[in-house]
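Listed below are the structures to be examined.
The following pair of complexes shares a single chain, subunit A, combined with subunit B in the former and subunit C in the latter.
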Partner chain A sequence: MERIYEIQMGIEELARRALETGTVGGVAALLEVPETNKIAFTLVRAPEDVKGLAPFSPWMLENAARSISQMTREAAFTQPVAVILRPCELRALRELVKLKQVNMTNLILISFDCPGVFPIGSRLNGNGDLPAAYEKAVLEGTNCPGIRQVCSACEEFVPRGADMVISLVGRSPTDTLRAAFPTEAGQKFAEALGLLAEGREVEAGEERDRLAGIRADEHNALSARIQGSLKDLDGLVSVFDRCISCHACRYVCPVCYCKDCFFESPAFSYYPHSLHKRLEQSAAGLRLPLDRLLFHLGRLTHMGASCVACGMCEDVCVAGIPVSQIFKTVGGDIQQMFDYLPGGSPDDPLPLLTYREDELKEMED
Partner chain B sequence: MSGKRKKIVAFLCNWCTYTAADLAGTSRLKYEPDIRILRVMCSSRVDPVFILKALMDGADGVLVGGCELGDCHYQRGNYYARRKVAVAKKIAADMGLDPERIRLSWISASDGPRFAEVVNEFTREIEEKGDTPVKHEAYV
Partner chain C sequence: MIREIPRVGVYVCHCGANIAAKVDVEEVARFASKLDFVESARDYKFMCSDPGQQLVVDDIREKGLNRIVVASCSPRMHEKTFRKACQKAGLNPYYFQMACIREHDAWVTEDPGEATDKAKELVQGAVSRVLHHESLVPRTVDINPNVLVIGGGIAGMQAALTIADAGKTVYLVEREPCIGGNMAKFDKTFPTLDCAACILTPKMVAVGQHENIELLTYSEVVDVEGFVGNFKATVRKKPRYVDMDKCTGCGVCNEKCPAKAISEFDQGLSKRKAIYSPFPQAVPNTPVIDRDMCIYFKKGKCRACEKFCEADAIDFDQQEEKITLDVGAIIVATGFKPFDPSVAERYGYGKYPEVYTSLEFERVNNATGPTEGQIRLKDGRVPETMAIIHCVGSRDKNHNAYCSRVCCMYSMKYAHLIREKTGANVYEFYIDIRSPGKGYEEFYNRVQSEGVQFIRGNVAGVTDKAIGEDEKGKLIVLAEDSLSGRFLRVPVDAVVLSVGLEAAEGAEAVARMVGISQDQDGWFNELHPKLAPQATPSDGIFLAGCCQGPKDIPDTVSTANGAAAEALSLIMREKVEVEAAVSSIDAERCMGCRQCETICMFDAIEYDSALNVCVVNEAICKGCGLCASTCPNKAIGVRHFGNEQILSEMEGVML
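Take a look at the complex of A and B:
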């Protein structure tokens, strides 16, 4: 059973104390500047800069696993850095370790049970005020209307593999923190900050379980909806017909880490004579650019097994295609086939880099 | 066989199924001529994207052929190939394509007759299914 402690401080104070005591050399988290309505994932190094730290802010401007990857891929941090991530960011991070895109040395992983985020657009076009409905939903353990569809249907909202797990669902953002420290690194971190001595052990609320139930139902509904819309070629074409091949969905995807995407490689640039030949041979004519739909099918073969259903791709799709709902559904099926959870156990190899001798008989002949 | 010929793309591993195809030829075995053979060094070279690309470009069927399990020239390649085909089939099924248009067969180098049999069987199945709807769709 996880032990949850009530800590007499908020997140800003926790970060300040971690920096002041030298327990960490930096804190990486979402930071808000209310005067300018700016918000960004930031690496804070000085205790006085923790003002505005807003890891629970219900917006995700990027899946921050990408930033951590950029900061550690070639060289690990030389001193401890606390990173505060949402569960799907943390899973992406742990998936990126397997893809050799992150060095976890010196990272202290802080996460929280996640009530979900709103689409980015609502922040960029709105005023950044926390909707009252959101606070209420977090307090009660329900889905706030208007959050990303994949958030509403997210059953992985309790972080895995974090050193410190903050209980957010069932709490108000202004409450003092409640947290568990499931790992050795987490225990050390808590001890260094004196959190366990000052803290008081508390019971987990039932709000998290309530939310889990709601999310499970929503997940089923989402899968059924997506499957229904993609049941034949007509469905596939009508869903992706609006795609303008901008590939923004893969640019923002945390697990699409490739510097040179295969689908932008010369493999897909055709010489005029081959294009002409295709046109001649095609009964139906061809819509350009070619391979528009193949991009999505192919991207699924590359990273469907690793999709953490974070929702970034759908948020940036200018054509309004439910990309992340599709990737969650199809990726989830691939993951299920291989009994694999992206960002789950570090000991599970990537599904396409391993096999079992006695499996998948139904795929042969 | 009646009607218009179908288009079946076959990715065959150099060491087994391709050799079996060769043998079927030199043994003058008859098999349906709807297949277009591409030789790969090992079935594990068949990227699932190849399979889906063939389907999206209007292939009526895709056959992946490799050595019997345990006999892969590179020892374990066909176990990986099986996972890759599984991924292609799952994506096809979920995205509105017909996964039964993808077939994976293990045919050893000495088994020319089995090669002819698999090709005939698969061709028949594909004929029963008819033309892939992709052929008549411009918006792919």
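Take a look at the complex of A and C:
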């Protein structure tokens, strides 16, 4: 059983103290600027800039693992940086470590049990005020209506592998923090900031368990819905038929790490004579562009085993394809097949790179 | 990317009647002549014949063809032939493509109409593909003239001697304290009955004394890196605790050592000391100290061997040592292990003391063995009746389905020896007698005439549960005589189990280390079972002896010489051409995720940490394409098997 401490400060204060004491050289988290109604993932370096730090704000404008990857892929941070991530961002980050796209050196990982986020559109079009219903749902440990579909069906909302785990479900974002420090690095961080001496140990609330129960039911319902809509080739074609081939889903995917997507390479630009031949053979004519379905199947093959179901892809789909729900369902099946949780244990090798003689017996005839 | 206007020549081969009987070759040629960019299309009786190849050469020269498609057999048969023909005419050999209309079409399609259609599709695929071919130039690398032989049994010894006699340096690595392998344990050899030691000892001595052979006993190859002509092998030398340079092999240490252990060499039938040589004629004759059994190592006191060693050769401080060897070719001669019959409970091995394995019985027969060559029961009596059970663990789908090839012959050798030494009645329980070899069938006849009783039938079991008086105190072999249809109970004093051969312990690790594969039974796969029996798909790695399947001594020696000849033929070339159709990584696209490095089974990919990209060592790469399909970014392409080339071929076949 992890030990949870009540700490007599909020997140801004925590960040300020970490910077002031020199425990970290930077804090990376969502930051709100209320005057301009802007919010963005930001790396803060000066204690005076921590005002507006809002890691619990229920929006995800990008999966922050992408930013951490950009900042550390070629060179690690030279001094400790505390990053505050949602559990799906953290798992994406840990998955990217296996793909050598993130260097974890000097990262202090702070995460929290996540009540879910709203689709990006509601922030961009709305005023950014926190809906009252959200606060109530967090307090009670229920799903707030209107959050991302994959969030409401997310069973991995409690972070794994974080150095500091803040208990959010059952609390108000304005409350003082309750947190556990499961790792050695976390313990050191807490000691350096004097958190354990000042804090007192508290019991975990039951709200987290309540939310877990609700999420499990939602997950089953979502899987059944998606499996039903994709059950045969016709289903597959009709679901992806709306795709306009903008490939935005792949741009925002935290695990799609390729520099240039293969599907945008000349391999998929057809020679005119080949298009003409296809036309000759097809009574109904050709719908262009080609390879809409192939793109998604290709991405499912590449990313299925590593999908953390953060929901970014679905949020940006202008055609309204439930991309993330599909990836969560199909990816979940693949992950189950290999008994693999992306971003779970760093010791689990990537399943598609691992040869096991005794696996996939059910695929044999 | 089509750089010049392609002028394709298509040649449809009849292959006698092999293709022409099913496929309308003239129709296929007519069809091909109408395809885009095809300049000339014709059919011919045997494209691989000299005049057939000359057609290609002449057309390239006269008609200015710059792409060639031959529709004939599998590329495994004649791709090289036609690439050479292209080269002869001054065309880059990689501007050639083969369409396989024999194995993939004529031989496997019933209906001639369908076969002709399929041939057209395959030809169309090959034509679309060849348009996208690029000119490639193979590279050459120097070959290191040294050879590594893994395993010092008769196969490894023979291979090493043949190569060393040709003046080349050989490293012979053996994991046991001495060379000789399984053959050193044998007594007589069939069918000539010459004693194994008499023919093996001179070879062992020759190996030990050869100036071109560096013998590394009590050592194991633990890692192999590199590629054909340029392997780097890491060898772990286990500590003997005896200085090989000082030791004179006098044997005093062995005499004085108070610690006893079970003799592995005698198959557990006798004891040896903690400091020991496996057998008297061992090469090298330097003993080793068995650390697990040595009193000094266990309790910190004793050192009797040290006290009595006049040469001052005992060195308790010796440490394990790792050395690296640079070699150009490797011969794998890791041999076999006998099947362990204790898993086949019905034979009573391990339960009844008078049930022996064949290798145990070899030791019983051997003059240096536990009974000094006399056939005696454990209580000292001379047996009156004995049974020999064939095919134990072989031709048995519960264990190994294959025939182990040598058991029939050595079983009959035992029958002869038992008759000769004891006069006992011998029953041979066999399924079929397999005696194909020089003088083998004659030996079978000889043993039959010596009064040995052959009973054709699978043995159901061995028991000591006597029914009648005559069975009391005996082992009873239960069997069906399948010739008379009767069920038999045969009481005997002792049973010899003719156990089959299995791949040696650790074969899997060796296979992984040198990059070769094993068949379903664990034997190493050769490149081609008939035409390249000593080569493997890994260039520069050759097989000798039983590691590729059960063999008798003559065949083992032949394959060892075969492997030696192949290795010599390679290293004498001094330079080797490496395949040009290998993978390459576009550093601009590579994200340095290193998945390709993990997946490559030839260790051909290295990570450049300065640039954060992966790099292919083209000399090692086999062009298998695993990395290319793993790379999500498609930063990796396999030359000659690029997406454009494969997709064009597929379009040609399907559209």
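Rule of thumb we're sticking to: the second predicted complex is superposed on the first by the 360 of 365 C-alpha atoms of A that agree within 3 Å, B and C clash if a C-alpha of one lies under 4 Å from a C-alpha of the other, contacts with A are read in each partner's own complex, and residues count from 1 in each chain.
Keep this in mind: contacts are C-beta pairs under 8 Å (C-beta built on N, C-alpha and C of every residue); 3 or more make two chains touch, one makes a residue touch a chain.
For clarity, every value in this text was computed on a predicted model and none was experimentally measured.
When both complexes are overlaid on chain A, the residue A:Leu230 reaches subunit B alone and has no touch with subunit C. When the two complexes are overlaid on their common chain A, residue A:Gly146 makes contact with neither subunit B nor subunit C. Applying the stated contact rule after C-alpha superposition, one finds that A:Met337 touches subunit B and leaves subunit C untouched.
Looking at the shared chain after the overlay, A:Gly52 reaches neither subunit B nor subunit C.
Once the two complexes are laid over each other on the shared chain, residue contacts for A:Asp260 go to subunit C alone; subunit B is not touched.
More residues of subunit A are in touch with B than with the other of subunit B and subunit C. By the document's definition of touching, neither partner reaches A:Pro182: not subunit B, not subunit C.
In the superposition on chain A, A:Ala284 makes contact with subunit B only, not with subunit C. Within subunit A, the residues touching subunit B in one complex and subunit C in the other are 262, 302, 352. Touching subunit C in their complex are the following residues of subunit A: 73-74, 99-101, 257-260, 262, 265-267, 273-274, 277-278, 281, 302, 350, 352-353. Within the complex, the subunit A residues that touch subunit B are 227, 230-237, 241, 262, 282-287, 291-294, 296-298, 300-302, 304-305, 329-330, 333-334, 337-338, 351-352, 354-357, 359-360, 363-365. Residues 36, 588-595, 598-599, 612, 630, 632-635, 643-644, 647, 651, 655 of subunit C touch subunit A in their complex. Taken in their complex, subunit B has these residues touching subunit A: 47-49, 52-53, 56, 58, 69, 76, 79-80, 82-92, 94-97, 103-106, 118, 133-140.
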